[in-house]
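Please find one structure pasted underneath; my questions will follow.
Chains here go by letter, A, B, C and D, matching the order in which they are written, and residues are numbered from 1 within each.
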Amino acid sequence: MRFLRWPVVSDSQAEIDRIAFFSDAVFAIAITLLVVEISVPDGPIAGLATALADRGPKFFAFVLSFLVIGQFWISHHRVFRHLRRYDLGVMWLNLLYLLGVAFLPFPTALLGNYFHSALVGVFYGASLFAPSAMGALLWFYSARRGFLRESPDTRQIGARALVTPAVFLVGIGLAPINIYLSVFCWIILLPLLRLLLSATAE
Amino acid sequence: MRFLRWPVVSDSQAEIDRIAFFSDAVFAIAITLLVVEISVPDGPIAGLATALADRGPKFFAFVLSFLVIGQFWISHHRVFRHLRRYDLGVMWLNLLYLLGVAFLPFPTALLGNYFHSALVGVFYGASLFAPSAMGALLWFYSARRGFLRESPDTRQIGARALVTPAVFLVGIGLAPINIYLSVFCWIILLPLLRLLLSATAE
Amino acid sequence: MRFLRWPVVSDSQAEIDRIAFFSDAVFAIAITLLVVEISVPDGPIAGLATALADRGPKFFAFVLSFLVIGQFWISHHRVFRHLRRYDLGVMWLNLLYLLGVAFLPFPTALLGNYFHSALVGVFYGASLFAPSAMGALLWFYSARRGFLRESPDTRQIGARALVTPAVFLVGIGLAPINIYLSVFCWIILLPLLRLLLSATAE
Amino acid sequence: MRFLRWPVVSDSQAEIDRIAFFSDAVFAIAITLLVVEISVPDGPIAGLATALADRGPKFFAFVLSFLVIGQFWISHHRVFRHLRRYDLGVMWLNLLYLLGVAFLPFPTALLGNYFHSALVGVFYGASLFAPSAMGALLWFYSARRGFLRESPDTRQIGARALVTPAVFLVGIGLAPINIYLSVFCWIILLPLLRLLLSATAE
């Protein structure tokens, strides 16, 4: 069945750049839309300090998602640095990846509204897991089709592509116990593990 | 009447890239704005699970529109890969195309609010038909003016450019009967037909 | 007083491209945000057809602003095609131009809400006049500093750069009489005059 | 401890361009989202003129933030013009910089709602200080790692990178006395000082 192999394969750098560019734009918009979900106080001035303090969890969720999407973007950047060919499969996997990224303003706002809910912790964690798993798929699909530029750090990036969704899964498991444990996974453990992988690979 | 032919024609690749870039940005923004229309629950935590479940149709409409706009973007990408000259006609057809794309967050949100309304099904379908028809127009206008780079798949892309609005028309016709039939057309039948066309053309 | 001349002048094409790119992004976002201002009906389904019909002026204002911003973008495109050097003056004039463009979603939504108000007609017209005047300023400033690439159509673009704000001014004057007269100026008369100028210049 | 030095260093111009591009997109979106926070009047037409006049502080805050973000963008542009290498440190400092920029629609809307509140003046000022300090950090980090292209104006840009957060700090100090004093610092004093620095450096 030749249908199962996407018929179009292109190795034009200009077109790969256009896909990377489109992805960057989606990242940039998703990351900048996060703040729109924080409602701006407009009540009497006497209650303003309280109103701002009440938004603490929302600010925290904003910063958290910004840093996580930032990590996603850096990883995506790295994948596309190695891509020298693509087919429709790459385009669709990338689109599904971006679907996950574009969705993130919703779970972020939800986390800001219900910071201590286990349900929301799991929902938020799953929303992070989805694009990171898709990113791993994108990497391994490209590797198997021979679309990746050979480089000394190819193996290391593959390892990292697996570590990221794994850590997110652990984070989801911890959310019902304590949301701060999940947060610790997402913004402390994850960068640390990735750095370790970088260091040992050399 | 020489007015009927746009006076400015340029074959600068840098300028064609700028048009493609601007279009990409509109696609990226429209696709990322879709999620903003899903209101974030903020009621008491006891009702949260229900509130999320109630948003099912909205999530579905979000994913549906994301995938359709994704298909539009891939097609647009393909058209611009073949463009080697342009005139004001190309620019305006492209702008009208983007007008349709930029409008999509509205019908998407409407579909999420009234999932089983035949009126909304038709409205949503028509909103998808408009840019796809404009895309076909853009392709055939460019072909007739001799703006397209010769390539083995030119004919096949032309066929695909016609199949897309046709399938959307069928989808509109089915919406009053059952919205899921339309959805089937838009996200199952359409990619399938396009793949078939790709396969037979080779 | 050498302060009055901006000290930094650069002729790097890559940097001019970055300014053009940033401007394109602002155009693309402004043009795509227009639709967000149209509230999505969510009342009982029986009133849906009426609710959509009531939004007629909003849809009209959306399309109108989209076409006008589209014209602005095409003009801006043309200016930057001729730019081969820039200084801080160009950067700030361009930023003020973009300030006007980024503001447009507000008057557009206002026009949608109060379609037959003379005050709103004038406000909307003035909001279109401001960026078009800034565009003319940008062109003539660049011309006087010798930043423009010589080309046969330089004079014609200058003439067009003056015609656009002039037509917007006339449109403002007509708004208190009848908003449709203004609309006629903005989307019929303006493109026509510009085409005429193109034709006679050759 | 080699962990403290980021392991990845790249000198590919294409990749530096991609970071600059992503940053530009965030700037462009933040600057264009400012207007969305200004609610569009939709009450009876008789109260429209008052409703618009009441939004005076919001329009002022919109223009103010637009001009400040514009300055940030011009500075950022200048930094990236000199960058010829980067590492993960540059990427993360840049992301933190963009975090500050992406946050700005919130304090801008807040300033529009509570124009004469000292608390809001300080909050707004601090929101401007954060990215400008991060910009200085980005510059000096890149300088110390030897990532900057040598050029006659390197020292002058460094001086400017320090002046900007310093002036924002002074502006914060003045906000409790009178918000207009702060505004004076941010949009009159700052550009003036930067121009002076440019002039004396030559």
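Going forward, contacts are C-beta pairs under 8 Å (C-beta built on N, C-alpha and C of every residue); 3 or more make two chains touch, one makes a residue touch a chain.
Being a predicted model, the structure only gives us computed values, none of them experimental.
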Intersection of the contact lists for chain B and chain C: none
Graph separation of chain A and chain C (steps between touching chains): 2
Same or different contact residues where chain D meets its copy chain C, judged by the half mark: different
Farthest chain (mean CA position) relative to chain A: C
Where chain B and chain D are represented by their mean Cα positions, the distance between them in whole Å: 36
CA centroid of chain A to CA centroid of chain B, Å: 25
Chain C residues counted as touching two or more neighbouring chains: 21, 25, 29, 33, 36
Chain contact topology (line, ring, star, complete or other): ring
Chain B partner contacts - residues on chain C that touch it in the complex: 17, 20-21, 24-25, 27-29, 31-36, 38, 40-42, 45, 48-49, 52, 62-63, 66-67, 70, 73-74, 77, 81, 195, 198-199, 202
Chain B-touching residues of chain A, taken from the complex the two chains share: 2-3, 7-8, 12, 14-15, 18-19, 21-22, 25-26, 29-30, 33, 36-37, 88, 91-92, 95, 98-99, 102-103, 105-106, 109-110, 113-114, 117, 119-120, 123
